[in-house]
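In the part that follows, the structures are each spelled out as structure tokens.
Same chain, two partners: chain A is paired with chain B first, then with chain C.
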Partner chain A sequence: MSAGLAIAGLTVRAASAGRPLLEAVDLQLPAGQRLGLLGESGSGKSTLAYAVAGLLPAGLAAAGSIQLDDQELVGADERTWRTVRGAKVALVFQEPATALDPLMRLGRQLAEPLRRHHGLRGEALEQAVRQALAAVALDEVDQIARAFPHQVSGGQRQRVALAMALACDPTLLIADEPTTALDATVQRGVLELIDRLARQRSMSLLFVTHDIAVAAAVSDRLAVLRSGRLVEHGPAAQLVARPRHPYTARLVASARRFQTALDRAGQPMEEVLR
Partner chain B sequence: MTALTGPTTAGREADRRPPATTTDPTYATSGPAADRPTALDSPAPDALQPASPSSPAAAPADDRPARAGRARRRPTLVVGAVLVGLGLLVAVVSLFWTPYNLTDTAGGRLEAPSLDHWLGTDKLGRDTASFVMVGTRIALQVGLGAAGIAALAGTAVGLAAAWAKPWLDDAAASVFDVMLAFPTLLLAMVIGAAQGRSTATVIIAIGLAQSAYVARLSRILARRVRGQAFVTAAIVSGSSLWAITFRHLLPNMWTMLVVNFALSFGVGVLAEATLSYLGLGVPPPNASLGRLMKEAQQTVLTAPVEAIAPGVMVLVLVIGANYLADGLRELADPVARGRA
Partner chain C sequence: MKPSPAAAGVDGGATASPINDGPPRNTAGAGGPGGRGTAPGHPDDAAGPIIELSGVSYRYPGQKRDAVNRLDLSLGAGQALGLVGESGSGKSTSLAIMAGLIRDLRNGHVRFEGAPLTLRSPARRRYFRRRVQVVFQDPYNSLDPRQRIGAALAEPLIALGLEPSREGRRSRCAAMLAAVGLEPAMAERWPHEFSGGQRQRITIARALLTEPRALLADEPVSALDQATKVELVDLLRTIAAQRGLALVMVSHDLAVVAELCSHLIVMARGRVVEAGATGQVLGHPRQTYTRDLIAAVPRLPVEND
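Let's turn to the complex of A and B:
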């Protein structure tokens, strides 16, 4: 297997029996590519993302295989994880309000991974913090570095969280619904930023979302999860144009109806969305 | 808590970008952004809360004047600090000077308060004021020592439990509950019997009994902080558990722990007075407010001040500690603090 993420037969199950949260999922994400992981809530898409980052809650057990750059991660011990996390895998979360420590100035939070991974100190560290903030298209860099999380907007917080995730130059960025909590214009800005940064750094991107339009915009390939099973998997353009699974078809059709709704704004909802 | 309804800052970024074009309409389904810090905003889990000052009933649309006023008027904090400070002053003075020596029996028996003996004398002719002063010092020593032991031991155990595997965490929580059900008095008697009675024994006994409360509180606080995404982010970025504990968990917990320290100081003072009253506390020749009250009991009708004075001092310390805790909690309001 070449570099990149290769998931084979991944099954995640709660200790207290019941239906598995993920069942025999096979996925490949070659290095530098972008994969959109689609599914409704409860479909297991976040579980998959967390399994790849080694963050499954206690009580959930993974079986099968997750290989990142030929390193097996299922059953890896804590020491192995520490070499993987930060250095190879980074995560951006859905909720920018909780992704940052409310009592720590943003600059200090961002300095932490930079210091640890690049061994920077003093003036060089401050310079790196400013660069990292500028890289995520934040103006007023010094002001933001001094601010507490609640003093900046949701979009700005998500940009800082992204800067923190990127601070260790990961090869794989997992974005767990990073724009769901943002309003539309801000969402677009953050999406463009993630897209640009992934290209610039030739990072692999695993983009988890329930929004097929968002997924199609940032991904080369799409994978659709439902009830813990992978129902469809293919190039983004093909999957949107010719969905094979009825659930995918419904997803695409619903998204298209919302698009029509914008063109026909003001008309009764039952006519537009029918 | 009414203080937490500050204005949100969402939407500041909205005008940084051109509006979305009509080609991507599904973006409009995003939900509202939760915009307030959440780590510290739940009320404290204690039962000893004195009446809080009348805060503005509902947060007005523009709450700037209200916030400025709140910053200046913190009556509970001031009253608490003054009362505890008074006790501290008396204790410090007693180190250098007391009106009479504690062994001085030259005064008349059971005298009423006078210029010579401010609080009268006891049945052996000793000066009550001097005893109350030294007793205050002992009470502060026991209260601070016990709260310190409880804070250190309890926080360490609580943090360890919060990081432990689920079964170990459950077991620890059960142990805390058993310890909470175990009477402090019984614990003090057992430790006293094993170690012999001394001031240190009393401090350790009260401190250990209280540490279960602190452990339970800090376990809950630590777990709540641990569940937040920023801790997960720190784990993913490769931080060690030690680093996360000291950099993220404790800073997000310490205001509550300080409030709890003030509370457990008050409880410690009260527990020492109770133990001494029952003859289980700080042994003679050390003065103790509880023992002063017990000794004055037989003669309370002829020399009431001798019983009332140590009682008032216990009251001052305990009420002061509770008001101080309440004032500190108001001060810890993260929104008010962050915007100050």
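Let's turn to the complex of A and C:
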């Protein structure tokens, strides 16, 4: 049991034909491991995340195999998906506001999955909501629980969305650019939180991003997608130190150049001004 | 800081240094009055600043504090200024003020090419729209999905009456696509056929078609992977240098600003926290806020053993 995620020969194409969005992707994510999925916009990285969550838009068809803990998900019916999505696979998105009902207090939204999946009621439910908010490092738990989504900051909203995703103790968390819309300092806090929660819960993490430094910060392994094909994958530090595919090499070199530009600061003014 | 003589000569009383409290002229001046860079007749000084803000404050209706509070800056041809800070720091509002999109200021003045920015006369407004162009973060929102690239590029030429002939527009657009590293034949294609980086090249091409003197970019590369980011930063640097543009870039990405901008203004809650030459500010940050921003930039892992 608990074999984790195994993707084999996954191809996703639009009904209207054309180039497939994903082509023959093979990828393993053993239980409890953390994988960073890298690629530019249009590379197919979000398509892959949606395929694993059974959220491919109508008109996109998946072929091949996606197994989660030895259960085949390609071709699964909606009834099967309801036992998988939320309970085994949970998602957080780039824009937490899309995951939250703007007209419902945050505490009530968070209570819903806890009630449905754990059968909690009354005082026990309230307690569970408080615990879930505290687990994502939110202070002033009661105040947040009473607030509407627009009354808290972007970083706090993403933490609440994360708390909702984790409410049912999923074995796999898919995070699709969860920090792209956040400030750098807030991003760092959310990344540390995701990293810590994944470790504490021995949860697998599929972290989708266009930023190689961010991906490496929360992942053991990195996989690089380009035009729907997996071009390279391997341990994060190794892939960064010795990229094999030219595109990966370009990503690493570019990231290094920005890093160097930042480090170079403080040199004599004439040099900086060129 | 006392205004340096040369700059004061251009425009008595306005902020003297290129940026707020500072950099190159002051640094040069540190060697003694009339040092390099302050000499009258220096090309930049002769041309004068393109955009100047002095004591600019703006408050959104119904808000309790200023979105931008007492902002001073001055930017000349060929200079690149980065505006950094977190959400709500006022950096995008500052850009909107420079773009003439916000004009009911509480305090202060905006000058463009030395003259106060009033857009009451249609001719003056057309001139300003032509000479100051803006590029936004999300090229998906900047390009109409139902419009071919060629038509999207031609639009400002038509709107500003810059090129009456269809053939003339076509050849100008083709040349500009080539200038930003795209195939001229791409004019016939649709926005959805392009990657995020290509789309951003298209919006830059459109901005350049009106021959602007200032290019204002709001998080132009934030949604792109690092490889594409580097390409676009290089493109922006090249075109800014070739065309002598004054470039302003709003970004929360300090590394991108460090790579592209000679000067930097760090903002928080509408106020300038620190300003100066990029190397000075990033190398010797005086404020905790700036140090936190620098520390928060994610870094590549290093291999153990």
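The definition used in the following text is that the second predicted complex is superposed on the first by the 262 of 274 C-alpha atoms of A that agree within 3 Å, B and C clash if a C-alpha of one lies under 4 Å from a C-alpha of the other, contacts with A are read in each partner's own complex, and residues count from 1 in each chain.
Basically, a residue touches a chain if its C-beta (ideal position, glycine included) is under 8 Å from a C-beta of that chain, and two chains touch if they have at least 3 such contacts.
The structure presented is a predicted model; accordingly, all values stated were derived computationally and were not measured.
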Partner chain(s) touched by A:T185 [first = chain B, second = chain C, both, neither]: both
Partner chain in contact with A:F258 - chain B first, chain C second, else both or neither: both
Partner contacting more residues of chain A (chain B vs chain C): B
Touching partner for A:L100 - first (chain B), second (chain C), both, neither: first
First, second, both or neither for A:A87, with chain B first and chain C second: first
First (chain B), second (chain C), both or neither touched by A:A213: both
Contacts of A:L55 with chain B and chain C, given as first, second, both or neither: first
Touched partner set for A:H150, first chain B, second chain C, both or neither: first
Chain B versus chain C as contact partner of A:M164, first or second or both or neither: first
Chain C-contacting residues of chain A that also contact chain B: 154, 180, 183-188, 211-214, 217, 255, 258-259, 261-262
Interface residues, chain C side, partner chain A - complex: 23-24, 27, 86-87, 195-197, 222-230, 252-256, 258-259, 262, 277-284, 292-294, 296-304
Contacting residues of chain B [partner chain A, same complex]: 9-14, 16-20, 22-31, 33-40, 165-166, 228-230, 232-240, 247-248, 251-252, 334-335, 338-339
Residue ranges of chain A touching chain B (in the complex, touch as defined): 53, 55, 58-59, 82, 85-87, 89-91, 93-104, 109, 112-113, 116-117, 148-156, 161, 164-165, 167-168, 179-189, 211-214, 217, 255, 258-259, 261-263
Chain A to chain C touching residues, read off their complex: 38-42, 154, 180, 183-188, 191, 210-214, 216-217, 236-238, 240-241, 247, 250-259, 261-262, 264-269, 271-274
